[in-house]
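In the part that follows, the structures are each spelled out as structure tokens.
Each of the next two complexes has chain A plus one other chain: chain B in the first, chain C in the second.
Showing the complex of A and B:
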């Protein structure tokens, strides 16, 4: 790809993060005539969104929205896509940033046709991070069915390279390359759009809630993968202990959220995500029931309809009270301890499966960005092109917890700010 | 249906006092009720302290001071440790207990003097003047008689302490009666409730300190409180016997070291000092997020500690026969004793009375049965 600067729109724009926000920003900037570097840490684009089963409130598949973006990406000539790449250094200022990138080798070149024979041949396994470690893939793997770039990748932490070489032997198109090294590259850009997004809060830190201790306590992001057809269970929601479909599912809202000891902020989307997941359970089985334990139910604006619809379902019940503790009952059952504050009674509710609605932990917090790039106390980036970091625009969940549609709009706004800098030169 | 409407009136002054008495975080509470579950002592039915937190936020003074649950909390601060908002329910309940003491004790306004160090000079001045006067009026200023039994003649001192104790007990009795009446009105006992067995159950709670051992998240205060409680009790009972015995001419003072009563008092002093040091250490090492001490608490703790320490010192100096030092320390000791006992009906020490009343009430009404630890 070569830069087309015929429109005189100045130096390229760097977008850090290829999730829904970064992807949106990249295609919007590109379509506006800018040359764009899109840097993504993973081997594929789409970030957290492609790990979701469905969007709320329409319950449509996320790949739909992502595919439109990918189509735009494929048809615009101005995006330099750099996967498995991280920003390791930033110098300069608005109009002329020198950004150092570090690219780790994929091990599979563009010849790859996704035939999958290498996977058959590979003797080694790795935990599948796309499914939050609930299953394994081979050391050579396709990140997920609709991955873009549509190409396999090798996890070199689990690969024996030349001493094994089985994938290379079966590959008919000569796509395997064990020799790749970590490479650094410095690019010059006019501005930066930071779309580093979030990761689920580490549920292992929620000691009282028994995650990691009791098999049938899972997180909301794991629930998305369990419900997804390309997930570890082929789309059947099965509880981890005995692979049976749970009849009673409890949703633990604000698991570690709005909690000084964990994430002090409200992650804004978990309420709706939990209501959405209740729909997964209710639709999967006629006799399944769900119970939500909440502090407040935050379904702003039109989204309240989605909540009301669930409230009207007699198989869904709600308890106002934070789950303070989870213990284990007989046969893998989990017992949730809370006070139902509306009746003033302590309750011990026995469920087959408990789903912790863990919050959004901003990646920007530990990204090692320059100290001038201000973050708030929770690690979300502050403001757009602040005086401390001119020419740096945060967008999407790097800035604050938000649902997909808001992120997409926000990314478009960030592009306009980047555009102004690029124009000024 | 206007007549069905309940208008909630907030006592903002009450809220302010809670905020100033260590409950400054009360408004952080978001009613998630984590605390109610975290608390091992909280009953299943209408658990605390979540409901107390909102009552305190809303200034519902009447409900709170008639809420026996505030005394079912033994201040282990498990709730505060686990509170997601740092609202310190443990400290808020302590503040509410202080307000309840003020409410039910006659001349409750005296408590104000115990709330801020700025009144400390007044609190100290009272016994200093009193003991100085007694020394000037009755003491042997020429050193003709040996020891402070001449300087502070027991013939004056013991009856005076006796009167003080009786006045204090009367104030306590009125407070306890007020509180019991108020509790029974707000939360009547069910038919067939057995008062005697309620008293016995409450006494057993107190003697065994069982509830102190049920906190899980934090370090237990059971040992420290037990030593302090039994040490104080031994001294109080032993001291009273000595005083009465002396007044009725049955005992000569000072008692010989191996006199059973003297041994009892020394044992008590040992328990009191060690127990109080453990509790002071506990308080000083807690992170502020868990509990933030108040002057009201500290005044009580230091009065106890200094009373114990000076008491032991007096004895030591007397045995070493260093009379002038012994006299000086004895004077300080008497000041401490006054600070501890003279202000007792309004100070933190009053929890002994009010908590006992609340525990009897809890057993009497069946509240405590419901609260049996799971």
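Showing the complex of A and C:
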């Protein structure tokens, strides 16, 4: 058996979403020989993972693995990257889809050298969505320090364009373009990999938990930015009310997840994310303590070790019980009200900071995809084995809440399904 | 083709403000007799056109502009070498403008780039014939899926199964828990359909009752020999998917839970078989049980047994509780658990089982099972210390999954120890070998792949026996190129995720063979066409390269001389770093290239009071962190000259010796984090540099130099705030120690 196969690579593969799943799918497909369109809504790649401070269980920075992906991407001619682009129409079927794309103007063209002089010149500010609105950037901004493409963008909702023009005046390479319009383009692809990922469940809907009402109730995704060295506090976890380091931190698991009124599913990663964030707190201060309010602590496989390690830390405690309500105490303290289901007792616990482990809400349900694509009741798409529609393969958190490693693995599998169609040409 | 070197200097992004680019250009001309082109924005259309035009007829370029990590889209010229000199991040953004030291730094980086270009040789890609058939090892759910999916992608597959039939553990499954919306109903096992697909494929050859006798060679050229019931079969494949699955944890070790003490204490695997046979009956009296108690984590999440969670047992017990209820609407199922783990959409399934009024859940730590005077499960409520007793007709232990894999490195250790014992040369060695046999002896005879690899006949295993190399970012990358682990041998999985895993592993085999046909390396140095060359006349058979290669690239002949298997190589350069005789080199990365680069740096004499520090930075972590610190315009010592390396493990001690004898005052080596939570994408490069540090200290002592002159640090990519501190602090310390006395010699 020495015969070799010549893969007819056929039409390109479209990957929708440039988070860790889409990025993985794009590089794996390109290295298998395929031409790829990688379409991302944001101005940069990396999605939710680059907003994370560390991965569990190694407590290593996500940008390390992303750097390798980007290194693979930077030099391949096979991936066509389209940022600030969304899919607005899909026609055709496996082997030949016609996909209509809509590209929002970036305001900064490819001449940009990322020198940063425009940022210094810009007089206007905008809320920094990369830091979940906890600080501001200028209206012309680099999404984050290691952003790829390493090119600035203008938030036109906060820019005075020609009537200001300061960024254009200082730019030496003619990169500023205030006049861009929304452009549409139709591409032909052989199959689609949907890697649209997730957004954090809207904590404002969890009225009893006091988010938005009490300053010291924050979400887990905000906690990631507070812990990150390039976050709004330079990596110091400070509570919003008084910018002091919290000594007692409560983690509210399943905030909106496993709850018929909010997200019926288990978001699969929040337990481990909360354990990870407990590590941030415990490592930052030797006299800090953490308490977890949980229903079940879900740490599958070898990730159990990560839970065990935290359980062995006497500064970490666990209460089995859902937090029903959070109220405010003196000096910005937060009071958690829960029922301890083991003892049947009602408990009250006072903390300096409460972190809501909000769940994963699938983006795909609001993406305006064709109604024929199969989703479950929560809006997750049906996966790659039994595809959402012929030639349409969902992967990563678009189909199931999952941690990073599972997403990478799954994205690689989705590429195989796309490869099978592409090689038939 | 011309060997000319074309030099370009960009003055944009503040480079022209910080550095006198005209003076730099004059230096290029006087030292290298090349007339450089200076441009205000090289990455613009005009600059890129200049570069393309210069290289159209051949030659190489030295591009003094931004970091090699920036603007790759426009500065990558197919089939041409472009040496990137980082004047922007490396100089202009981290140094004060217009100073003499700033200019000297730029001059040195330019010289390093020039030398790199002069020494660069075009890699010759591997161009032998590449087979692309796939060997699938294991005929369970994962292996069958892999075979079917590979065939659907047009690949020839040979599937090997040790049992007499394919289907694996799932053949004994009654039902499987839901895999599709609304995630509430049990499904028929997928395995029957999978077996049919595999049996009907023209591209798949199945060998049951078969063992692998040997696998020789390398990716694209694996020569496999099988021992089948009808004799030996030999063939060549390009890549391997190992899907050897799992076995249930040995329940005889769970006597404290009553297993073996009462016939009515059984495992979940045994219960499944009863359900499959439609005979859920108590083994003791053959009567249908009325109360079935499921003990979760029986031997799992338990330091005495399996410390990890087997991920599926909670859902399996939920499924089996429904079997109890289907069998008899009046029967009860009681599930005693630590945490119910039904992740993602399986929450729906959990809810559906909770809705069943005959299924009861109780959180508690099971402390034992009594078998005399009626079967009872004893449990303790952890919080209150309250003891409970649950009477049972039948107890089902939810035992976990043990990977059915072999630990190649452990097998090798025992083999080597046995050889030492047989040789019986030295009592000390024999004693140590006996200890090794005691520790690893149980691995003998567990071989599965029988690879002819110097580092062992199977994949190396990590914690708990699962083979895996980098389980967050690159879950398929084992330490043996072209061999991909999938399914439950890689991580405890349900059938759905095992199928997805198989798909991913198959894609990796296709990708590996397709890349080999193009002469390219696989991940993470995709596109690299170079291979290490070994100048074997000078080899002393010290075996460091063959031992230290993380990917088992090198075999050994009888004398211990390395035998290169090029397509196993991942181009990290660790062999180059390991070799004390300096006989390993890549065309584009070698002892000579780096030594020449560091020797090109101008060393001011000791009275100038300008120390020189040389830094080797891991190209994936420390170097990007350096770029990012520079982008924040953080000031860094002007004494430092940075050389990015493929891996810190590729740093040869001779570079350090050369640097010291050239008059460098200090050497800073920064790799990624090592240890259990290592971040090295070559597994152990950073760790190896740690172990080589004693050689370095020895070298320093021999030269009568302070050991503080060489510092090794570990740094993550996100510690760009700490990096300038490390550099500046090191510079301060070297200034205190004083100048290297070898300057000027």
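Everything that follows uses one rule, which is that the second predicted complex is superposed on the first by the 413 of 425 C-alpha atoms of A that agree within 3 Å, B and C clash if a C-alpha of one lies under 4 Å from a C-alpha of the other, contacts with A are read in each partner's own complex, and residues count from 1 in each chain.
The definition used in the following text is that contacts are C-beta pairs under 8 Å (C-beta built on N, C-alpha and C of every residue); 3 or more make two chains touch, one makes a residue touch a chain.
All of these numbers come straight from a predicted model, not from anything done at the bench.
*Asks:* Just chain B (first), just chain C (second), both, or neither: which does A:261 touch?
*Replies:* First partner only.
*Asks:* Please work out whether A:172 is in contact with chain B alone, chain C alone, both, or neither, and reply first, second, both or neither.
*Replies:* Only chain C is touched by A:172; chain B is not.
*Asks:* For chain A, which side has the bigger count of touched residues, chain B or chain C?
*Replies:* After superposition, C is the partner touching more of chain A.
*Asks:* Between chain B (first) and chain C (second), which does A:369 come into contact with in this model arrangement: first, second, both, or neither?
*Replies:* Touch status of A:369: no partner.
*Asks:* Using the touch definition from the top, say if A:97 reaches chain B (first), chain C (second), both or neither.
*Replies:* So A:97 meets neither chain B nor chain C here.
*Asks:* Should A:132 be classified as contacting the first partner (chain B), the second (chain C), both, or neither?
*Replies:* neither
*Asks:* I'd like to know which partner A:380 touches here: chain B for first, chain C for second, both or neither.
*Replies:* The second partner, chain C, only.
*Asks:* Between chain B (first) and chain C (second), which does A:410 come into contact with in this model arrangement: first, second, both, or neither?
*Replies:* In the superposition, A:410 contacts chain C only.
*Asks:* Based on the superposed arrangement, let me know which partner A:339 touches: chain B (first), chain C (second), both, or neither?
*Replies:* In the superposed model, A:339 contacts chain B only, not chain C.
*Asks:* Could you tell me if A:75 is touching chain B, chain C, both of them or neither one (first, second, both, neither)?
*Replies:* second
*Asks:* Following superposition on chain A, which residues of chain A contact chain B and also contact chain C?
*Replies:* Shared contact residues on chain A (touching chain B in one complex, chain C in the other): 258, 296, 341.
*Asks:* Write out the stretch or stretches of chain A touching chain C in their complex.
*Replies:* 1-5, 7, 27-28, 31-33, 53, 55, 57-61, 63-65, 67-68, 71-72, 74-76, 111, 113-116, 145-146, 150, 172-173, 228-230, 234-235, 258, 264-268, 296-305, 308, 320, 340-343, 374, 376-378, 380, 382-386, 400-402, 404-406, 408-417, 419-420, 423
*Asks:* Which residues, counting only chain B, touch chain A once they are in their complex?
*Replies:* My answer: residues 30-38, 42-47, 50-51, 82, 84-86.
*Asks:* Of all residues in chain A, which touch chain B in the complex?
*Replies:* Within the complex, chain A touches chain B at residues 208, 254, 258-262, 295-296, 321-322, 324-325, 337-339, 341, 344-346.
*Asks:* Okay, in this complex, where on chain C does chain A touch?
*Replies:* Answer in residue numbers: 12-14, 40-41, 43-44, 66, 69-73, 76, 129-133, 149, 152-156, 158, 180-183, 235-238, 301, 307-311, 339-348, 351, 363, 381-384, 463-464, 466, 471-476, 491-492, 496-497, 499-504, 506-508, 510-511, 513-515, 517, 522-524, 526-527, 620-621, 624, 628, 631-632, 672-673, 677-679, 681, 716-721.
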